[in-house]
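Both of the next two complexes hold chain A, though its partner changes from chain B to chain C.
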Partner chain A sequence: MLRLDPDTGKQKWYRSDASKSVLSAIISIIIGMAVGTLIIVIVGLTKDGISLKGMWEGIRLVFLGVFSTGRSEGNLTFGFNPVNMGNMLFRATPLIMTGLSVAVAFKTGLFNIGAAGQYLMGTMGTLTVGHVLGNTDCPIVIAWLAAFLAGVVLGGLWGAIPGIFKAFLNINEVITCIMTNWIAANLVTWWFDAHDIFKNAAEGGKVGYIIPLKNVGVVTPKMGMDVLFPGSQANGGFWIACIIAVVMYIMMTKTTFGYELRACGSNRHAAKYAGINDKRNIILSMVISGSLAAAGASLYYLAGNTEFFWSTYLSLPAEGFNGIPVALLASNNPIAVVFSGVLMSMLNIAGTQLKSLTAYNEYIADIIIAIIVYLSAFSMFIKQFINNREKKKGGNK
Partner chain B sequence: MVFLVQQTLLFAVPLMIVALAGVCAERSGVINLALEGIMIFGAFVGVLFIRIMQANNIFGQEQGQILMILAMLVAAVCGAIFSLLLAFSAINLKADQTIGGTALNMLSPAIVLFFINLIAQQNTLGMAKGGAASWFMIRPSTFGLPKDYSWGAIIDILINKVYLSTYICIIVFIGVSIFLYKTRFGLRMRSCGENPHAADSLGINVYKMRYAGVIISGALAGMGGFTYALTTTNCSSTGEVAGYGFLALAVMIFGNWTPLNIAAGGLLFGLFKCIAATYSTLDINGDGVYLLSQIGISPYVYRMLPYLITLIVLAFTSKKSRVPKAEGIPYDKGQR
Partner chain C sequence: MASEYVIEMNHIRKEFPGIVANDDITLQLKKGEIHALLGENGAGKSTLMSVLFGLYQPEAGTIKKDGVEVEINNPNDATALGIGMVHQHFKLIDVFSVLDNIILGAETVGKLGFLKKKEARKKVLELSEKYGLKVDIDAKVEDITVGMQQRVEILKMLYRDNDILIFDEPTAVLTPQEIDELMEIMRGFAREGKSILFITHKLNEIMAVSDRVTVLRKGKCIGTVNTKDTNKQELSNMMVGRPVQLEIKKDEAKPENVILKVEGLTVPSKIHKNDAVKGISFDVRKGEIVCIAGIDGNGQTELIYGLTGLEKASAGKVTLCGHDISHASIRKRSEAGMSHIPEDRHKHGLVLAYTLEQNLVLQKYKEPQFQKHGFIRFDEVRKYADKLIEEYDVRSGQGPVTVARSMSGGNQQKAIIARELDREEPLIVAVQPTRGLDVGAIEHIHKQLIAERDKGKAVLLVSLELDEVMGLSDRILVLYEGEIVGELNPKETDVQELGLYMSGAKRQERGAEEC
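Moving on, here comes the complex of A and B:
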């Protein structure tokens, strides 16, 4: 039931559906953290070698991992840690992009489980063009743009394959996405295996890696990140991801095209009878989705000091699959994707801090993320619970 | 030839059994995206069970087959218990099944790696002693015969240097297929995936049927996960199953949600996967010529083949696709 404010005639902001979604997400996060704490306590009690103090340290790190500044005189210290904060934003960048990719596809009623493959194609395009142009006297700005676009276009084309199969042959996009994932993994390995110029042969111990892009100077500008977070890997890629998220939000909610996409997502057949070209929209949605995932890879590798392990035909990049929980936690809202992406990478940083500073390992952070995602599935249930409470309150008056 | 058939079966059997697990859940109306997670969990529990039993000297190498069967059972039971998480969110709380499945896919490797690190201080949990081949593989010495004993070509394919788990899985596959299609319970379960309201009006408890579907699915996927770990990764658990759960999902869609097609799809996929893994030493007709490696095609082409062929076959057979109608839709008694 819609409750309107008697003074303004509008719905109060805290009663709106959006704020209830946010509230239910926050409840999921709190419960997830609580379960993580519980695991720390249980493991601490059952395993020898972890003292009460170690347990307390573990709990504090789970909540305040990004603020950890290491250890002095045996005690954990907390404060503003620019390296951790910057790395958090840096690692959030690909997560935000793959999250956006999955979210846009979801809005069109497609489950893009192929972000991993699109991410790999983006990696291939960006690294190849970046190296080729970086070795010529091409201006850095143009080389950067070309490398970025090469990744995005390749990813978009790769995303088009499941879209075409879905639109024209009505083949479930899940199966085509899984197949294209592995084809991409082999294709990328094949490409880099065949071209020795990209391989990092100069540095010992770097067997199987591609030369980082900083060696040829094609690097994303810092855009103020080096001032805010000195010493960290953060760069302008994060701002670019934020801008893309806003663009996606405007596209999905404020334009005719976005409306058509969402109409196809709600009911493909109804959209068709309303005169919307459903086939075109499904393909375009997958193309956008693919380019977003690939843009995540481009931004990640254009950071310069990131290294790509090219012999990847047996495994797919985790970023591709982690986009799914990021999108789900944000209930497919592009703006919320930014926050859920940052939250995920914050928990990851907390995990690495746990590993380096205590006897626990980093997988506890993954457990917490998984529980948060699991609980976010109950958001309907939590919202209903909030609504019921409101009704009861209203009845008492 | 012997080698090719046996290897194909090794690749195909886990895929088939896990794809059938997907069928059980989806035919009852619940999308089980968590197959990958359940496989990882089953593999971990099975390996852990074997490790504990070995460490405490409860089973010796002579009772390897019994130990393996027990481990399969334990993996199946734990897979079923783990899948209850999905059933609870999908059936009781009417939550989005994609989210529930994704959450389990994340939770399972996290929990598994967390405990593997606590137990073994590394990212791999192996057997306490020996290897999968020496403990669990069937060979002439298992029957007390000399090492190079041969039963003749055909029987050799079937019982020399194979794992018993392969055959158990095939028997279970046939059993579950019969259960789904020839028993009253199976018919009722499938009706819940097509039209739950009609099923309910005839006195079938849709919630119970969907729980049954997911639990059977979890048991099969757990068992498949352990079988994969046993035959492919030398009975060790590393918190991943190389995407087999998702591949099984693909085989399920490929096989149109029917057991016979899934078996065919799994075998086709397994054959090409096997060619990709062994093409360089593959001697097809036994004349000492390694044809596939001499053509000079890049190995990556062979590795891509299973996926490419699946795509091509799909493109030609897509018109016949039939999804269980009510899959993915939470059952609400109040509707209609």
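Moving on, here comes the complex of A and C:
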């Protein structure tokens, strides 16, 4: 089988593993969308009161939800909707960060299912420091940086715990991650329960929430997002997430540090044999992974108008777990995580549009996401399928 | 004419994606003969046997039993036809007793579903008596020696009344004495009228025991010859496809100053409470090959772990080129002048998910040649990898960007050897450097190690292969139960004497002969 281009001696780009990963992700997405369409049709046919036109509207919204501009004269209108677009990027931000967290851990051979706990610790650190410094004369820039770093550091430390257990006692990180998730959930609840100064008592209906950071002025700058997408919640946090993704990509693939981390991840014994400190690297990759998840929380709450329901001891934040499908769909490539994070939040927006503009509810979007995630777990299988087709073609020559 | 051959495999063809593992292979097994199947790694021996044992379905070709065409779709079909196989890696359940392992899958059951172990026990004891297969029938498999485990596997076949016995590389794990016993057992089977297929790439054994030999090379059948009409040289030429130098040729060693000095090294065992290495002392000089010989499991692995830093030694002093490295980290030891060809190339030697070029800089990636401010210099890595691949003839599908996992075992080993020898450290620790490799590759590696010695390196070799021990080393240290029981000169000893030391039957008192 001809794998290398005879002229250049290099692999053809469309034969490379990376492009096959992209292709298999796209196939997953297409199948997911197709199933979503099918469900809309089935629901439309079995439920009274949904006309053919209604079904067609549902389908169009699933695909073009972010471009929806509402209705005029009874028909759906589409176009550039800055609010939807902006919100899509805004909601993508924490997903990208937790996706990066999971992806980086995966690349180093660890399964970080503790992103939820690290996310909560990040929330706690950022909100606490943000409020404390926001109420002093401290310049906003310093307060913002301190709040962001507090979250990141706390999340990193939280990630270090499973790392330490793994490195020194060889305890599977999945178990310790699940435990630290719930410890975090209770710790955060206790912390905010014990400190009334953070609680939002002023507004009715906001009992149980923490005062949003915009009240103390510690808010991420818009960095042009308000010009691009006026009226939306989008802010500079998205750009920061993109920059972090690029940094992670460079760190993992271009540096000796990334080389060490990945060597430890794929074969701890060989790394040790080569003189790499395997224990240190396992802990470090969990610290990095934890910091990334926590940074997602920091960026989300530093948006200013986001509100944190502090009584979390019975539930973990969904962002922590949604990082896993985001990373899976991206084949753990940090750059691809940005795109898969945006895709997930685009479907989310499509769901809200479905709910507000048609007789369908937003759960259809959840079904589509579930199917895409499910299929992306099969991405190996799909890649294999592509490989086999290639071989068959090669055989016919 | 139907009955001359008990098994005929005619024109077998088996393909795997991208490779033809068996291409038009014909193998005919006579009743009561020992038929050896010889070939290098990847020649298709195991595939062919898996076809016979029903693990693979061939794309073309037929299998006949006693002249009647049969279809073997799974191992149960094979068993029903009387075909049994001792796999290279034993298929035993460690926590079961020997008896339970033997009857597993062929249990005789009473009315209420209870096992009839008494009958089974009687039959196993009879078989063990009859063929001289000594086993401890009530011991757990995890507690018995590898040799006895193999006898359990053989008893499994006999218990199922198989009369076509396939042995897949059975001698790889045995001591010389155990190998002799196995040969005797195999001859006994042949006299009984059982037919034996014997897969190996060791020529001595073929000459000793087989009646006929079929040679495979790169999936093709090269030919079948009568053992008495051929010799080792001819067989190895058939197997490799070019003339091979079987005898290891080397000049007299000219040992100089001591490079590695080990004093009282003690390494605890991971398996039992006692020390695996019990305070041993030796040294290796510049320009000589010192070989640690011994039966597997007598402390070789732990000795090397303690020496290279993979495990912590509990006592003793290791001096390398004048530096005390007893408590140094692995990287420090490596920088002090030690290169290490590890025993387990998949566990320690390679990061299988990495590409060949990434593996070739496994210790060197931090050197200024390959990084700048923490960023890897990919062009330099590529240049270096290309150089090593060229120099050491490492073959792979896509050159430097081949993923190590997809390379053949021999080429993986070549890559490790290239990496370690090119580091030009004064001490080379080579642990079973030729394990599982074929004649051609072994010849190549032996030549390289001798060349390194002649360049003035100190070589510490650990080997289980007696031919290698005798041929390659300048001094032999025999390790038995964690102690050095003898220091021998390969020119003044023979395999028999070495075997006695290895099995603990003989030992020298090593007094104060320190230098």
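Simple rule for what comes next: the second predicted complex is superposed on the first by the 386 of 397 C-alpha atoms of A that agree within 3 Å, B and C clash if a C-alpha of one lies under 4 Å from a C-alpha of the other, contacts with A are read in each partner's own complex, and residues count from 1 in each chain.
In this text, contacts are C-beta pairs under 8 Å (C-beta built on N, C-alpha and C of every residue); 3 or more make two chains touch, one makes a residue touch a chain.
Keep in mind that what you see is a predicted model, and the values were worked out from it rather than measured.
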Joint occupancy of chain A by chain B and chain C, clash or fit: fit
Superposition-derived angle with apex at the Cα centre of chain A and sides reaching chain B and chain C, degrees in steps of 10: 70
First (chain B), second (chain C), both or neither touched by A:Lys383: neither
Partner chain(s) touched by A:Lys214 [first = chain B, second = chain C, both, neither]: neither
Partner chain(s) touched by A:Ala263 [first = chain B, second = chain C, both, neither]: second
Chain B versus chain C as contact partner of A:Ile324, first or second or both or neither: first
First (chain B), second (chain C), both or neither touched by A:Tyr363: first
Residue contacts with chain A in the superposition, chain B compared against chain C: B
Which superposed partner A:Lys206 touches (first chain B, second chain C, both, neither): neither
Partner chain(s) touched by A:Lys222 [first = chain B, second = chain C, both, neither]: neither
First (chain B), second (chain C), both or neither touched by A:Tyr273: second
First (chain B), second (chain C), both or neither touched by A:Ile113: first
After fitting on chain A: smallest Cα gap, chain B-chain C, Å: 5
Doubly contacted chain A residues - partners chain C and chain B: none
Chain B residues within the chain A interface of the complex: 85, 89, 93-96, 98-100, 102-107, 109-111, 113-114, 117-118, 240, 242-243, 246-247, 249-250, 253-254, 298, 300-301, 303-304, 307-308, 310-311, 314-315, 318, 321, 323
Touching residues (chain side chain C, partner chain A) in the complex: 17-18, 308, 310, 329-332, 334, 340, 342, 347-354, 358, 362-363, 365-366, 371, 374-376, 397-398, 401
Chain A - residues contacting chain C, complex: 1, 3-4, 11, 254-257, 259-260, 262-263, 266-267, 269-277, 388, 391
Chain A residues touching chain B - in the complex, by the definition given at the top: 43, 47, 111, 113, 165, 169-172, 174-176, 178-183, 186-187, 189-190, 193-194, 313-316, 321, 324-325, 328, 361, 363-364, 366-367, 369-371, 373-374, 376-378, 380-381
